[in-house]
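A, B and C are the chain letters, set down in written order, and residue numbers restart from 1 in every chain.
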Amino acid sequence: MEYVLEIENVSKFFHGLVAIDDLTIKVKPGQIYGIIGPNGAGKTTLFNCVTGIYTPEEGSIKYKGEDITGMEPHKIAQRGVLRTFQNIRLFKEMSVAENIIAGTHTKSKQKWYHSIVHTSAYRVDEKKHWEKVEELMDFFGLTKYANTPAGDLSYGNQRKIEMARALAANPEILILDEPAAGLNENETIELTNIILKIKEMGLGIMMIEHDMEMVMKLTDYITVINFGKEISQGEPSFVQSDPRVIEAYIGTDDEEDE
Amino acid sequence: MNKTTGIATLFIVVMAVFPFIVDSAWLSIGITFLVFAVVAFSQDIILGRAGIFNMGHAIFFGMGAYTTAILNVHFGLEIIATIPFAIIIPAIFSILLAGPIIHLRGDYLLVATIGFNIIFEQVLSNDVFGLTGGPNGIFGIDVVRIFGYELFSDTAIYYLAFGLLVLTLLIIRNLDTSAYGRALYYIHKDEIAAKSMGINVSYYKLFAFALGAAIAGAAGSVFAIQYSAVSPESFNFMQSVMFFAIVLVGGSASLPGIIIGTFVMFVLPELFTEFKESRYLIFGAAMVLTMILRPNGVWPAKFGNIPKFLKEKALKARKSEGSK
Amino acid sequence: MDTFLQQLINGLTVGSLYALVALGYTMVYGVMKLINFAHGDLVAFSAYVGLTIFTQFYGSSALSLVNIVIVFSLTAIVVAFVGVLLERLAYRPLRTAPRLSAVVSALGASLVIQNGIMLIWGPNMEIFPADVFPSTSWNFGGVIISFTQLVILALSAVLMVSLYIFINKTKMGTAIRATAIDQDAAKLMGINVNRIIMIIFIVGSMLGAIGGLFIGMYYRGLTFDMGWLYGLNAFIAAIIGGIGSIPGAMLGGLLLGLFNAMISGYISTEWAETFTFILLIVILIVKPTGLLGEKTAEKV
């Protein structure tokens, strides 16, 4: 398979406002793909189109060759496309472990009657998934918080829980929306290492990020977006020095003189 | 043993010996309490756990009751044989009714359920197909017969209701520790996050409805047996409002909360019959006050339905960290 | 044709009443996203208050215009006061609480008002005097329109137009609309949200009070629990027109009145309620935001 995710000529409008305009992005398996651009550029809108929350007006999105354009979010997630959110969407009153096991839901073989009667098939399924939760908590260093309400933990830990939850679904591609937002320096370093480890597992990752150090370190390929349009794409070193990118973030010389 | 299991066990033990410590008037109240507690628990599945604004739950309670009444009085079926129908028919109807409205925003769904309830009342009152009996309902429901034994004493009916309650509590406990049960919480707390985890929200909401309706239907059957009659006014939307309020005033998804809520809404008024006139006024004021003082209910639910081995591991990890 | 025109007149009259009540629901919902379940009971309360004022101070003889205005005004003021009290006691403490808690509080408040009425005036039906307005009526080729109906239609129209002007052409009205769109932004713009909410309850309650008085005059039989069902119907009218939209409530009210009249006139009165609710459910499935309502998007 050449590409795990193919976004082709995708456009999204909101009542005449062009949020994203003719974007083409192709992610290879095992690649970390960065999406960067100033605030309001349309990056999260793009992610929402990929994960099915929005339906693009134009273009197509293919996952492992299958057209998922406009498919319902849960169906896309069931196929192996999992995401985290910019503002962290955890189930705050529930314990960390209960949050993480939410990710295993699509892989669960329980039927409706298992909610009424606990057969041996149920026990096998539950055990398997709680053990997966245990594994993930160990990986993220969250073991001691298993029974703590997720909302009680630090922002950095909440990010980890969200990622653990996404990983619990055995995704093939992980969509991360500003994973470093709100993290301090130590937490960011920790996160960078975690993402590298995830890459080693063979997952593809598509990531929106503003932290340039992190982006340069982690990504294999980047697309830069501004006002919904692609303004540059390429390897990190190329994008870093592309004048169009610099202009988008900082502005041209003329603007600086004002 | 955690707190909730402890309370549940205590409650079950007390209710088990209840008939032996009270007189017949109280026994009847006890039966009513058990039946309504079951309905409240079933509403809790829909409203408390899945977070669906269902204000028409009396429909399913009523369908169960009327199914037993109609099948027994009009078609001569043995009461015992009517019970499976009283469970399945409300469940099917819940899916038919909720299906078209399940994707609606909370408040709209709420009003739609009220609408269904009112239509249901009219169907009952207008003696549709000559089956539903009109405003006076249906009389002359038979006695329960199992293996030749007749259960006509209040005590026998009490234990029938008690059995149903215990069954309901077991189902709810199994629900809470299953994937489907967890899915309901996820949907309640954050639908978008749930969808992003691959949870088909509409499917699970309908599941909640069906399960809640099935259990309410069973309770309806027992209700019909208790009174040997059914009438439309027991299943009007004021009743639905009561069930709605019980869950929220007591505490969503909270076992002690639901029990307290049922007790306050249905048993307490019996204690204060002298205040019968101002009963509902005091209720209403209590509802307002409770929400102001405890917006999450008198006894809010606590989470933490995780396997013991994880809890122990967490504890160990914390201890080893503390000793460093 | 006669029946149709007759039903049209009746329908518009009833519809005007629904509209007056629906406005109270829609204004509160628009700003607070709360279904004010107690509103219907407040309307019933107005009818009872009006009845008491009429019988206590005037006996039941026909009244001069001045006296009628006094009674209407007094009732409206009393009910507005209770409305503000309702907001302060049952809703304001729950502004930051989960939405369902406010719903329960609203239901509780409804019970309190309903049973308050019962405790004060008793559980039996009260009859509104028949001759508040002269009992004259006019016959236009088989279609009868009474003085009372005419007053209802005329006054409702005046009130609705006035409200429309108030909401759309005055500074206060703009503030109300701003608060309905985004409370926090409104606060940041210096709008006193508490005051806006109080004004909404005053206006809504007053309109409801006038509606209640008319309901008393038109239907004449009052029971303490009539508010619930009537209020529900008015709320459905608001939804049909587009909840949160003031023209929507007016339109929805009139349409519901016409719909009711047509069903009662041509099909049956026993199933009239059912048809109303079927209409509601159809609208909710097909266009939940109502005829004049707008969709709002959620930011993910």
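We adopt the following convention: a residue touches a chain if its C-beta (ideal position, glycine included) is under 8 Å from a C-beta of that chain, and two chains touch if they have at least 3 such contacts.
Remember, predicted model here, so these are calculated numbers, not experimental data.
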Note, CA centroid farthest from subunit B's centroid sits on chain A
Argmin over chains of |mean CA - global mean CA| returns B
Cα centroid separation, subunit A vs subunit B, in Å, comes to 40
Distance between the CA centroids of subunit B and subunit C (whole Å) is 34
Rounded to the nearest Å, the gap between Cα centres of subunit A and subunit C is 49
Flagged in subunit B as touching 2+ other chains are 192
Subunit C touches at least 2 other chains through residues 300
Residues of subunit A that touch at least two other chains are 53, 85
The residues of subunit A that touch subunit B in their complex are 51-53, 72-75, 77-78, 82-83, 85, 89-95, 97-98, 101-106, 108, 110, 112, 114-118, 122, 125-126, 129-130, 133-134, 137, 143-149, 165, 169
Per the touch rule above, subunit B residues touching subunit A in the complex are 171, 174-175, 177-183, 185-186, 189-190, 192-201, 207, 211, 303-307, 309-311, 313-314, 317-318, 321
Listed in rising order, the residues of subunit B that touch subunit C in the complex are 53, 100-101, 104-108, 110-112, 114-116, 118-119, 122-123, 126, 192, 241, 244-245, 248-249, 277-281, 283-288, 290-292, 295-296
In their shared complex, subunit B is touched by residues of subunit C numbered 29, 33, 35, 89-90, 93-94, 97-105, 107-116, 118-119, 232, 235-236, 239, 243, 270-271, 273-274, 277-278, 280-281, 284-285, 288, 300
